[in-house]
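Common to both upcoming complexes is chain A, partnered first by chain B, then by chain C.
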Partner chain A sequence: MSGANGRLQVFTSKWQAALLLLPTLALITVFLYYPFLETVQLSFYRIRVLGNQQWVGLEHYARLLESETYRNSLVVTVIFTVVTVTVSLLLSLLVSFLVHEADSLSDFYLIGLIWPYAMPLAVAGVVLDFIINPQLGVLTYALEAAVGFEFNWNTDGTLALAAVILAAVWQGLGYSIIFMTAALSQLPDSVTEAAELDGVSRLGRLFRVYVPLISPVLVFLVVLQTIGAFFGGFALIDLMTGGGPSNATNVLMFNLYEDAFTNSRFGYAAAQSVLLFGFVAVLMYVQLRVTDRYAYYGGA
Partner chain B sequence: METNGSRRRFLKSTGVVATAGLGVLAGCSALGGGGDADGAADLDVGTLGNGEASEEVEIDFWLAIGAEDLVQGIADEFNNQSDNITVSVSAEGDYTEVWNQTQQAQTAGDPPDIVHLNAVSTLPAWAEDVVIPAEDLVGTEVDRSSFVDAVSGYYVVDDTLLGLPFGVSSVACSYNRTAFEEAGLAAHPDDVELATMDDWMQASEAVVSETDLEYGVTWPEIGWFYETYFSLLGQNVINNDNGRSAPATESYFDSQAARRVYEWNKEMYDQEYYQLTQEWSDARQSFLNQQAAVQLDSSAALAALSDGAAEAGFKTGVGQVPSYSTDSRDGKIIGGGALFVPTGIEGAELEAAAEFMLWMAQPEQQAQWHMSTGYYPARPDAVEIAEEQGFYEESPQFRRAYEQFTGRAETTATAGAFTYDHGELRSEIVNGLDRMYGGSSVDEVLSSTKSNIDEVLERASSADPR
Partner chain C sequence: MSVPPERLGTRLRGVLPSLPSRDGLVVHGSLWLTLVVILAPVVLAAIFSTQSTTQVYQITNILPGTQLVENYTTVLFEYNFLQFMTNSLVMTTVVIVGKLSVSLLAATALVYYRFPYQNLVFYVILFTLLMPLPVRIVPLYQLMAEIGWLNTFAGLTSPFIASATAVFLFRQRFRSVPAAVVETARLDGVGPLRFLVYVLIPMSKGMIAGVSAVMFIATWNAYLWPLVVIVERANQVAQVGLRYIQGVGSEGLIEWNLVMAAGVLVLVPPLLVLLVARKYLLSTLASG
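On to the complex of A and B.
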């Protein structure tokens, strides 16, 4: 069935379509839009104990703008996101390329690479902590014995952030690899053959031929990983550093959680939640606009 | 325990005819936030103390420190004796989780009947009408003077007993006796020298140079330990009598006592005598793996530590949390939690909750709990029961820790700080320590910690209804 504008039309009745969409819309409304609106509303109240609230208007937003802790969290989150997404995507790309090029055992490699992703973040955090804990970690102990360098991220904020980023990159690698290897395997062999005949080097083939061709997948991954880094990483940070030392790993999400559930400042935390949503929404818009220009979706 | 015998004792000690008015409950909203505290108006209070409610009722008890089976075991004894009250215990996560879930349940209109909250939640719980003060609930049925001073010192505010202490602890010191012997130090608990900061420094030096252990001491980076150092030195943490006579407005991180503690701490760290550990479990692991010879922990962990050490092949003893000198040793602050009944509980449920709270406050139950966990009992007569049963012959470390806890000067310093945002105060202590271990000077750390905590206090005092 074709409509007047040439689009495929499965349902002739708009009511029928609406009816079928209703369950999804109802779920989204109940579990997403309603809580979101309620969060916005809560952000205008001082709530030290649930159930007791006083209207404070924009006071929480004003305090957030002035708060040094909050500014620090924003900077930490941006660093965490930029480094995690960049390193994670580059590594995934290289690894996916190697798996794609492997003549044998590529399934075996793939399973091994995807494995960490199947691990819940909390488990990944515990495992990583066991390996790189400054005092008790098996790897830190060996490293310190071998090179004499003290890898103490309990006291060094930069190292702590690096440790958390390392954990996030490691844990998230599998996800990108699934998409990238799938995208690479969709490329016609003729592209590879043509590149080889033209004498393009191996890395050149990856970055000049494959990357432009799989760019829609890359755009998708950049956007998704950025959202993930802004909202995620909580479990890792909670288990590995608790936001420390001295707030060096206190990302926005962790700060928000601490204010809500440890410090019982629910209204203040709600305001942070609204701002975080705003940051990510703006970022997504910009990212999609910018990356779209570079993504190749076929056609002329 | 003989069921009938203890029932009789229970009835005798609590008085069959209750004089306490549950009717005074309505008064608890005087401090008033927004909680609904008028639930008790319809109560017939004439029967309080008989272990029964006016009708058949099941009550929920949310526990914060695990040990669900153990506490259910104690509750089952109560259930067996009561004809119409059934208490069911459930472990609902840690203190913070119980605190948050209690509020959620209250908002949803279905709070549990008894909750186990951390000491630091006492003020917000009371100020915001989350709970009914224990005093209003069980009135004179629980004789405050029967509690150890440390307990009443913390939980009695404005002459009102706020919570019924349960799972009381303090900071306690365990040391590796085997390592002390190897290092040529006095190792018997009666002789061991760990009373002062200098003692700790010297013991660490001996352990590090004479044994294979890498560090002298360790303790997790927890604010409570530093508040204990303050109290041992007789120093209030915050002004206005440690926040007890009025909401505090200023902290004492610029005091001589604070400087002594932090300078000692930094020196111990710089000399690599002190092993910095983050979490409770990290410090325990370090002690049991014989990386550090002395460890500070909650007294509630003493049993687990000595058992773990026995498995690892070394002996432990209970030492002392250090003070500046043996002359200045005021005592340790309280830790752990207390039982509260949330506002909104009414009728037979409220009656049953009050009955169960009274039962839990009795020396028999306190002794049983003490002997099974290592948490301190809230009252000294429970210690006598433990003594009679020969508990301390088998576990002398509990006796030692308890005596250290109770043998103290009753001052505002040892009563412990009392502020609305105590958790945030503790986080700022930890943030300051992080900066110190990261290389900041003691001066910088103390002054930034003071100003950060003063900011916390400023916000806290605006939320404090006193």
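On to the complex of A and C.
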């Protein structure tokens, strides 16, 4: 660092440097490191009322491993994450490709496609809750009239998960499209010209030429969206399904919230936080390894 | 034939006819269809927000109603959304101003000073990326309860002010400032704060705007932490206000027209930020 940076390091006072860093370091100590370490500690205690705690060792972890509910939450979270990320990235890729192919209006299309990035998850939740409502929703009505299929996601667990995933995909599209259109627009025209002169079909060009070239961005998005989906979706589930019907949409984060703030089982919830941290740490590690391997293309 | 002319090399341009091809129609047609699908739920919500409760319960009625003004007034005043939106705006402003200030100071120290354990300090800040709210929410709530910050703006905003992302971005931006500029400032005997205010900040305007836009959207849209730390309804932010207005009907009829009006209101501020600051937001995201 000092090598590339040395020429810029014009100030020497260590005290000034410490003073400039103080606000950030104080804030991360109090509101990030302390609560994080405290989470680990709390996970070994049973806490009924604030202040009254009793050491239980690894009991919470043992209980989590045995718990049907927790295992169900893990499965639901993995399904939610895998489906949301896959569908969202495939759709974004196709849409971004279309924007790239459009010879005009691409700025107009881009705004029309990326705005859901600004949409609060809670808004996506309440809007879809009504539009695809089993009894009142206009989309549900149209769908049922068209295919005669009863889309009753208030009582059917699989459909409830599908409804939440639909909302998550809708809200998440904008973010991926921002990155993908940027990556595609940086590809040199010569790549496209060469593929076309070789007679590669349009979709072939997308999947055999462009996708390998923008793979660093795609890998980045896969990991980021996976982490996001693993932690996210809370507002959607809270507003649309409340974790139901019969726990079919009870993702890890919702389960943690309920245990902590509805059931006041703080120690048990803290243990769930620690496991969540473990999952994220693994995902981040995978990201670092995978991006290392794919970074050679250097497209973005 | 299926090749759009402008994709060919310049030598071939002009040889081919420049009429819109069938192919171009397919591309534009698909894009329009996608736009309609992505926009439809929000457009429908906006229409429903003008209907009366009776109209909104007629499933196939997707015509604008007559209660636009009444619905939005009811939501703003009777359902307290004016208060909730104000609270959201205060929270968002405090977080953005706080984040920018402390991150700009930290990045200045990291780039323009030489001190022991410099890299370690940077990594200590960066490591907090592994600690999103869910992995510290229980102790954070307990901490707020102990120091009496439940139901306060301090409790709402303090966990979000320190930012590894902002420090990282500003550090990168500062490192690309030409050495000549820095050298001139040093020869002129400019102190660090004046250097920050008069040189670095003007040179980083675009990135500051971009970071602010990203932070506005993220903070305005926050749901989980306000739900946990704010118990008093009057102090709540707009996102959780949606939970209240949607939950009102649990005893009887949900007034979906009012819920949709509230949804539209809560959507407008971040959407405006996206539209206004689009350029800066996109380039900031791209550099992250």
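Basically, the second predicted complex is superposed on the first by the 252 of 300 C-alpha atoms of A that agree within 3 Å, B and C clash if a C-alpha of one lies under 4 Å from a C-alpha of the other, contacts with A are read in each partner's own complex, and residues count from 1 in each chain.
We adopt the following convention: a contact is a pair of C-beta atoms (placed from the backbone, for glycine too) under 8 Å apart; a residue touches a chain by one contact, two chains touch by 3 or more.
Note that the structure is a prediction, hence the values are computed from the model and not measured.
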item: Contacts of A:Leu136 with chain B and chain C, given as first, second, both or neither; value: both
item: Which superposed partner A:Phe261 touches (first chain B, second chain C, both, neither); value: both
item: Touched partner set for A:Ala17, first chain B, second chain C, both or neither; value: second
item: Partner chain(s) touched by A:Ser246 [first = chain B, second = chain C, both, neither]; value: first
item: Touched chain A residues, chain B compared with chain C; value: C
item: First, second, both or neither for A:Asn154, with chain B first and chain C second; value: first
item: Contacts of A:Gly57 with chain B and chain C, given as first, second, both or neither; value: neither
item: First (chain B), second (chain C), both or neither touched by A:Arg48; value: first
item: Which superposed partner A:Gly204 touches (first chain B, second chain C, both, neither); value: neither
item: Touched partner set for A:Pro212, first chain B, second chain C, both or neither; value: neither
item: Shared chain A surface residues [contacts with chain B and with chain C]; value: 50, 136, 261
item: Complex contact set, residues of chain A against chain B; value: 48-53, 133, 135-136, 154-157, 242, 244-247, 258, 261-264
item: Chain C contact footprint on chain A (complex, rising order); value: 1-2, 4-14, 16-18, 20-21, 23-25, 27-28, 30-36, 38-39, 42, 50, 95, 98-99, 101-103, 105, 109, 111-123, 125-131, 136-139, 141, 170, 173, 178-179, 182, 189, 192-193, 196, 202, 231, 234-235, 238-239, 253, 256-257, 260-261, 266, 269-270, 273-274, 276-277, 280-281, 284, 300
item: Partner chain A, residues of chain B touching it in the complex; value: 33-35, 96, 99-100, 103-104, 106-107, 124-125, 128-130, 275-279, 282, 285-286, 289, 291, 420-421, 423-424, 427, 430-431, 434-435, 437-438, 463
item: Complex contacts: residues of chain C adjacent to chain A; value: 2-4, 6-9, 23-24, 27-28, 30-31, 34-35, 38-39, 41-42, 44-45, 48, 56-57, 59-60, 62, 101-103, 105-106, 108-116, 118-119, 121-122, 124-125, 128-132, 134-143, 145-146, 158-159, 161-162, 164, 167, 174-175, 177, 179, 182-183, 185-186, 192, 217, 220-221, 223-224, 227-228, 239-240, 242-243, 246, 256, 259-260, 262-263, 266-267, 270-271, 273-275, 278, 282, 285-286
